[in-house]
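This is the structure, below, for whatever I ask next.
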């Protein structure tokens, strides 16, 4: 990761040693994210996968500075967001936007679609009413909604998929550079999920977006991402180009995750999940050394003593494991 | 062939709502034989959960069940049984597992008590014997340290463990039919595989019949003998599992399969999404309910509703006027 | 543990604030108590002497601190009028008030729990609507109104129960209870509705839970589901509410004690207010605040006993 | 559901819709349990407002010839212990009850709203201070606070309104705090912060519209409670000072003569009961409507 790249100027988001900790009550600290680093290049989609409780949502919100991370830096186009004072951060927010998992809770039930989608314009812009309305209509039809029919409605009059389109319209109305998607399709039915995934790809192309896409669904992540990062208990296990990661998983956890995906194909043999049965350790008291060692079938004494450093096994493929799988 | 364990005949379950009668399940027929697993697949609102609850007889008070609807379990017409006999059947011969293990276990009762009360109720065990049996059951479903866990409360267990407890409850009285309603939807993918394997293993070991309800084609693909696809309150396609995936006939099933992203696909492949939404079940359109979204729609589809037709070889049925015999993804 | 410590810290602040505020309030009472005590014919010197005697000419804060330090050693001062030590006056009357409140709460629960359970179980039925109507009538009648109607009915027309008069328990349990029935019933009738409604609402919610559906899927009998599975999880809010209702009970007993002539703390307080006997007011308010805070602490304990999620700490995240 | 997506075009489902809406309206028509109490409330309000121009007797006038008279030609509802006209006193008493009933909850609501929204949105220290203050306030029963209040500041309509209003602060603040917290964690608030909205904008545009309705529902419950507490206070003789009539005071005055002339207590009792019951019934219906609206919106 330290290797200086020539295309440094093309890195739109650089996250270094991001740490998110919060008070878990009882005086214990929850280590939600424990030092993760990654870059996202312009026009690229980085997928972030992991099971519930791995800290992927905390990481996404820390990038958004909602709330700010406990430690670490988040450079957006060279500007460290984590160190900016509040008032300087506020105008910059137009550059990075987010959509959320819950399509219903994402929209204020008491405000009309016009006001919801136009909200960012009211906060950030100085457009006149007419210009504003034109933009709102434009962006609504961009996400596949009939602007005339939707503008004056309240969110409860829409289905989950439509709500997610409205959220997306709100997120892109300011033409952000970076869009963070936190499980945007997890609450949707399969057929609607496909619509929204296609829409995201379209929007990405049309608005030159760079995306950080978070999901627990490996198939969905592969579909939309150029590169994929796997997270377990607050740490990055593995990061690689999508095709490479799915074909040659190097971290035992990645391999187990992939084996567990049920394929909609009875001919495909059921994968054997190579993972020690047991529970996800508590993020208030993570294991020493490698965090996955308590469930890793290949764990050695070294794994408990020393935390594995992320190492590059092939160009762009880094694995944080003392004994990565080969082949 | 022997008599089926379960026969569902023209099941119609309607709900009275503020806007009118909602046809949640609208004419479902199927049979299930001893020792077989039927996967019921469909998107939310297709009526799969209502179908399960109709079989269990667990329906809210605003329910209207159709005149000709029959559910025959082991030769007994459940609709004709009184509430007392139904209660004796539930939990002992037909058992059920719910979607969310966080909410389906009582937070104020110990795990052992929740397993044991079924045994006390149906098998007349003493408290002591029930507790002993609960420990055995916990061991059977793969819970470590069952002697300790038996006295714990649900909140002390993880999601996967709770679902194992729910399975232990369901298995406690050796049911002949197990209905699992989205048993892994609320769980992580690695836990999901364990739970599905456990269910399949228990089903085979105990020679139970099982109805596995899910929205995930991947879940039924490897773990069922036959699959019924539901859409808008009806079964639109039924077949033996390999047959259904190999030789999909109903356009909805094909479209559903095509809209699933797969780990084998290359990144950024455009998915063939199904346009539109499922129909309003209070004012359903005329004809085939999938017609407004179907890519192969003809005039006839919009006028007349197709019945579920069994092919001559008896292994495949579809409710479609123009069945396609194309496979899905090559 | 940390939670308990935080609560204790908050309790101390609350007690301090309550006593200080009442002290300040009571001491701005219009009219000079010294004049009242001295009588109309007293000379200015006499009044001054009384002030000196009672320490009234010191600044309020100094008086507060000296009063507070007295409280800790059991010296709550003495009534300006009767000279009776305040703490003794309160503790001798407290058992009477406690009996009244417990009796009232018991009656309220005896009404609320079965009716709440039944109306939740048969929600929307004729029975449910009947219970709701009775609830509306009851909640629209304050305790003093109920008291008057009960007196009219049971004491005057039927002559079965006494309208006033309190018999200590030494006169026999029945004699004592006989005098308590109408007062306790007056409070209970005004309070049961809110308990019943809360239980009903909670229970309707609980009956929709998956674990109730599972219990039904297990073939459990309805009464078993109601009592074993539903009642306990439904009663948490009820218990919290009972803690908050202690205030209502105290308020109700103040009025009811004065209507029925029951020698409790409430009557002591209200007489002190009429007479502006501020050291007694101060004592009563402090005592009531302590009682309220303690009662709520007990309620929290009961909550923890009933809810294993609080009693047994979670072992998994 | 609106059909707003281009690629989602279900067949015309509008024909059945109109009929369904009509049926819905029919079912939701308000019954006599709403209208009768409402008419009574309007009637009492009108009486109270128009009291001076109704040609009633002076409520303080003493008719020495008719002490404790039962209803008769001169005095439609009879006279009280001092020979004052009960009808006049009921009507003038309504002015006190209604003023307090509306003013006190409003005062409590406005103050509680401000306190609660701050505590719920900012949490941390603000929340801790507000929580302690509310605990302190609650540790002394409301009636005791009111009694002290009226002894100290004297019994006038404004002091009773303010004193009673203060009692509604804790509940209003708690409801506001709880709903604020509930909404403050929703994604739409996060989205507003993500677009750089200020706290003031978030509170005013995102949170406030969502917490208004629970508070309106609360006011509807609070009105009858305020009327009842004012009744208790005047029953104890600590509300508005005599000779201004108040319902509670009238009930108390007749208490000594229940045996011989029960009407002196029972008439104001009945009027107060019917009024409070009416407020409860109307309030309950409206509250349910609001809840339905909210359920549909969320």
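As written, the chains take the letters A, B, C and D, and residue 1 is the first residue of each chain.
Just so we're on the same page, a residue touches a chain if its C-beta (ideal position, glycine included) is under 8 Å from a C-beta of that chain, and two chains touch if they have at least 3 such contacts.
Keep in mind it's a predicted model, so treat the numbers as computed, not measured.
The minimum number of touch steps separating subunit B from subunit C is 1. Note on interfaces A-B and A-D: more C-beta pairs are in contact across A-B. Computed centre separation for the pair subunit B/subunit D is 50 angstrom, with centres defined by C-alpha atoms. In whole angstrom, the spacing between the mean C-alpha positions of subunit A and subunit B is 32. Averaging C-alpha coordinates per chain places the centre of subunit A 49 Å away from that of subunit D. In subunit B, the residues that touch at least two other chains are 158, 275, 277. Touching of two or more other chains is recorded for residues 316 of subunit C. Among the residues of subunit D, those in touch with two or more other chains are 1, 7-8.
Residues of subunit C touching subunit D in their complex: 10, 13-15, 17-18, 21-22, 25-26, 28-30, 136-137, 139-145, 148-149, 151-152, 156, 244, 247-248, 250-251, 254-255, 258-259, 269-270, 273, 276, 281, 285, 288-289, 292-293.
Interface of subunit C with subunit B (complex): residues 124, 209-211, 213-221, 224, 228-229, 232-233, 306-309, 312, 314-316. Those residues of subunit D lying in contact with subunit C across their complex are 131-133, 135-136, 138-144, 147-148, 151-152, 154, 224, 228-229, 231-232, 235-236, 238, 248, 251-252, 255, 258-259, 262, 265-266, 269, 272-273, 276-277, 280-281, 284. Of all residues in subunit A, those touching subunit B in their complex are 51-52, 159, 161, 189-195, 197-198, 201, 216-220, 222-226, 242-243, 246, 256-268, 270-271, 273, 275, 277, 279-280. Subunit A meets subunit D in the complex at residues 61, 64, 66, 89-94, 96-98, 100-102, 104-111, 115-116, 119-120, 123-124, 141, 144-146, 149-150, 153-154, 156-159, 161-162, 165, 167, 170-171, 174, 195.
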